[in-house]
Amino acid sequence: MSEKIWRVYLSGEIHTDWRDEIAAGVEAAGLPVRLSAPVTDHEASDDCGVVIMGAESDKVWHDRKGALLNSIRTSTLIEEADIVVVRFGEKYKQWNAAFDAGMAAALGKKLVVMHQPEHAHALKEVCAASSAVVERSEQVVEILRYVIGGTLPKR
Amino acid sequence: MSEKIWRVYLSGEIHTDWRDEIAAGVEAAGLPVRLSAPVTDHEASDDCGVVIMGAESDKVWHDRKGALLNSIRTSTLIEEADIVVVRFGEKYKQWNAAFDAGMAAALGKKLVVMHQPEHAHALKEVCAASSAVVERSEQVVEILRYVIGGTLPKR
Amino acid sequence: MSEKIWRVYLSGEIHTDWRDEIAAGVEAAGLPVRLSAPVTDHEASDDCGVVIMGAESDKVWHDRKGALLNSIRTSTLIEEADIVVVRFGEKYKQWNAAFDAGMAAALGKKLVVMHQPEHAHALKEVCAASSAVVERSEQVVEILRYVIGGTLPKR
Amino acid sequence: MSEKIWRVYLSGEIHTDWRDEIAAGVEAAGLPVRLSAPVTDHEASDDCGVVIMGAESDKVWHDRKGALLNSIRTSTLIEEADIVVVRFGEKYKQWNAAFDAGMAAALGKKLVVMHQPEHAHALKEVCAASSAVVERSEQVVEILRYVIGGTLPKR
Amino acid sequence: MSEKIWRVYLSGEIHTDWRDEIAAGVEAAGLPVRLSAPVTDHEASDDCGVVIMGAESDKVWHDRKGALLNSIRTSTLIEEADIVVVRFGEKYKQWNAAFDAGMAAALGKKLVVMHQPEHAHALKEVCAASSAVVERSEQVVEILRYVIGGTLPKR
Amino acid sequence: MSEKIWRVYLSGEIHTDWRDEIAAGVEAAGLPVRLSAPVTDHEASDDCGVVIMGAESDKVWHDRKGALLNSIRTSTLIEEADIVVVRFGEKYKQWNAAFDAGMAAALGKKLVVMHQPEHAHALKEVCAASSAVVERSEQVVEILRYVIGGTLPKR
Amino acid sequence: MSEKIWRVYLSGEIHTDWRDEIAAGVEAAGLPVRLSAPVTDHEASDDCGVVIMGAESDKVWHDRKGALLNSIRTSTLIEEADIVVVRFGEKYKQWNAAFDAGMAAALGKKLVVMHQPEHAHALKEVCAASSAVVERSEQVVEILRYVIGGTLPKR
Amino acid sequence: MSEKIWRVYLSGEIHTDWRDEIAAGVEAAGLPVRLSAPVTDHEASDDCGVVIMGAESDKVWHDRKGALLNSIRTSTLIEEADIVVVRFGEKYKQWNAAFDAGMAAALGKKLVVMHQPEHAHALKEVCAASSAVVERSEQVVEILRYVIGGTLPKR
């Protein structure tokens, strides 16, 4: 019978190449996974609303138009994901990452949180709602390989 | 892995060719989109009930039979859509368009509203529930291209 | 045992006193009904957003702020209603009334539509989703009396 | 008939007295509102898990026990709220506030965001999912007074 | 703390006094139960639609108006019931009783079926979805007394 | 883009060849429809439980085992259907048909009822919850052709 | 405003007086809690079905009748609980306790597990779905006091 | 039209080859079934959390990490299954099997229970929530063949 395709949404930090690392790991492992993500072009993500629907003189509405437009993509993909991975990076407030995590938790999605140890206390509520907490991209790939195929890395 | 097909329902005004413009734009852009819509043959839409299930002497029941039959198509397609685009045109009351928008909002669908500027105040409640408000068909295509592929039109 | 209180939301037209008529009829009949409604002060409803959260130079955002604020009240009350009555009057586009009806239908609320005969065709989709279609306020009261107590008007 | 009690959950920042201001304003206005909130005693909130269920040598599990225990309160109260107000303050990462906002949005709760102007861009995704954005506690009281009773502040 | 009130909907046969028997039994046992039921005045139930909303020349629409109006009461009460008791009597097709049972089952309500032994085979699908099958009204009262208070009849 | 396959469940009467007529009509029209149905072998349907899981001396439990086993098929297929067609025939009580209709209605499925005119009054509650009422198999095919493709039969 | 009543269902082991301990603790602390539980009279729980609905010669159906009848109480109370406490005792298989825990988890209820340390490994899946794991009744009371009132025991 | 693929999750006992027997039977019968299961490598299942996410000195957290990680697989597959088969074996407490059964029941999945006769009484609550109770793997295959294709074994 046709194999299940696991849908994995990669939320959060957009200034490092962690999504590429996971994509490469998933491909190398031959996993039946469809990865999705927000638009990671920072400038496009900020300006999409006004570019398509017209300029705003007030920055708040400039931002609102873009955020609403981006939510078409992010909400749809989170709602259809099996697993939502949220990475908290070193910079910015990243409230949208925590917001995505809250949505995923409320929707009953399985949540994987990726962060550096120094943020553990600040992220304790998010992590308490998750099924796994990791630090590195290859751990996400290992999780997907184990969850889908039952195979653990060599010890 | 197999690509996500975005399901987009095009609700509302049926007397101009805006659906064809969007279909042409989607095809030209090569987007993975499945468009759907109500039956846009006005006469068939009005008479479908009595043609298949027998004539009614009272216009109210003539209309009821047709509207119920059409709802099999419209409700099913709205419920399975990712995005519902609702166009408010120049003529008629178009309460069914606003009704579809209300259904889409309550079902958590992402809503895109298309209308001319003079209707902005009358549509403020509908627009407040939407993720985007546009005036022209090509903006819908641009939204789909951005939401699906992250690409903005050249500036 | 304590009696069920029926929650009835009165949506739509705000320029005649139909809500007062229903309230008087409900009280006269001693029905266990809690009526609710949108804010019916037209000016307050239009300006509430900017009065509380600050002025906007652009009318679209002036309207958006107000519509979003009003939606806190309208969505909450529609969601907790047993019955949603929607009245379509003679004036304005009244897209928000049809929008409320669509929300009510999608949420599985029982819908009662009130309108004049000349709008029957334009409202056929809304009426097809309803449990009753009436023309006058006293019919709404008669429906509530029958639905709650099983008593019909004398014939 | 008995009046509706509006349930309002006050999430987020716990180091200023904004909740007391809202409570005082609600009481002064005589509004039918039941306010709820997380445990705002910072130390109790951090240590509740180990105090009741036993010490942990590892800070991560110390935090996990507390966060899980706090989630009994926070999730239950958010799920039964009509309105969730989330305040983002000046200090800390406040990822739990954004997480609560994401939960509220996914559950279809009406969201009110309170923050200072300098955080507008970082909060644009959260604000785009909200029904109102304010800066001060009295605006929350004004919103509740308007939403519940239809009354605006004198201008 | 305040006691739970169990909401029990009594669906089906309307030509014997089984509902009165249950009501008397519940009252005698002092059980915290709120009973509800369809309108059991057969003539009122048939004619309610046309009496309130105007006559129909076609019997099908006469019936449709009445059935839709009755559904406001029946659907609302079934949806808020904890337990739905459906009695199948000796006469008529009673498809509406089986329809109510199907609704109750799909909504996850606890279903109790009352019928005479000769209908067991014809009702096997309905009974398979139920939590109890009985023949007499006093068994319904015994079930409620046991379910609510844990007390069995003397043996 | 790949075409939508409409899933249509054919419930009810099993002693005439109406399902074959619909299947032939659907095939002749080339419609993208996946038909499903209960097991229509009456004897197998009655005895399946005891054949697979062991004999019962009591007919009630013989029936219960079979009905529960059949419900695996029927519930699963009804839950995933877009449209549920229920045919009420001339013989038997057919409470399971009305039960399926109630389940379909509560699950928000679009319901089509097929019956002879003499049953109209007894089926008024079921028909009031439906989107179409027909007498003959070819009308079901015409409905599917219109709903899916917008094409009406020649007049 | 009226205070929230927390509904707490106490599932599992029925041969010790742990429920009484919690009830006494809740009362001593004056907590706004409504406790509920399965029928804890072991013999009544086993025989309820046949006592009310008639004897069965086969033990399997004797048990089935009783289990279905008990499920009216247990499912209803679990579905309306805010918090489900499940105690695993020393004796018996207690699969029904784990079954209740699974239901509670799937319904999004907050789960508290009570067990002795030697069962930790066997209960790891159940505990992973819980918000708190305790050994003694007074810890449940402490949890309720903290969750409801924010008060921790003296240290 | 494309055939429905039935998704069947095989939960419970992992120390005999019952899953292989069902897989072989399904393949021999050519059934359109996609089988899924938890990771059945006992050691991997116990240690997966610490292998991927780092060692724990406390066995409780070692177990918690593993159980949470396994829940990504088990919850996702149970939620998308049509049918959940749960086998209770001879050894261990098997609370996770009963927990899965509770989840499946609450999610409205069709449940098949496999166990030896001596456990009938202890499993009566679980069996009362099921659609079929069997003792042997070939009965599960026979159920799937009947449910999917309507074919019973030769008698």
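For reference, chains read A, B, C, D, E, F, G and H in written order, and residue numbers begin at 1 within each chain.
Following the convention adopted for this analysis, contacts are C-beta pairs under 8 Å (C-beta built on N, C-alpha and C of every residue); 3 or more make two chains touch, one makes a residue touch a chain.
No experiment lies behind these values; they were computed from the predicted model shown.
When each chain is reduced to the average of its Cα atoms, G sits farthest from subunit B.
Mostly differing positions are employed by subunit C and subunit D in their mutual contact, as under half of the interface residue numbers are shared between these two copies. The equivalent interface to B-F, defined as the listed pair sharing over half of its contact pairs by residue number with it, is A-B out of E-F, A-B or A-D.
Distance between subunit G and subunit H, defined via averaged C-alpha coordinates, is recorded as 25 Å. Look at where the CA atoms of subunit B average out and do the same for subunit D: the two points lie 37 Å apart.
The centroid of the Cα atoms in subunit F and the matching centroid in subunit H are 30 Å apart.
In subunit C, the residues that reach two or more other chains under the touch definition are 68, 71, 108. The part of subunit H that touches subunit G in the complex is made up of residues 59-60, 63-64, 66-68, 70-71, 74, 88, 92-107, 119-129. Listing the residues of subunit G that touch subunit E in their complex gives 5, 32-36, 39-41, 44, 47-49, 51-53, 65, 68-69, 71-73, 75-77, 79-80.
Within the complex, the subunit A residues that touch subunit H are 1-2, 4, 6, 82-83, 108, 110, 112, 130-134, 139, 142-143, 146-148, 150-153, 155. Residues of subunit D touching subunit H in their complex: 56-58, 61.
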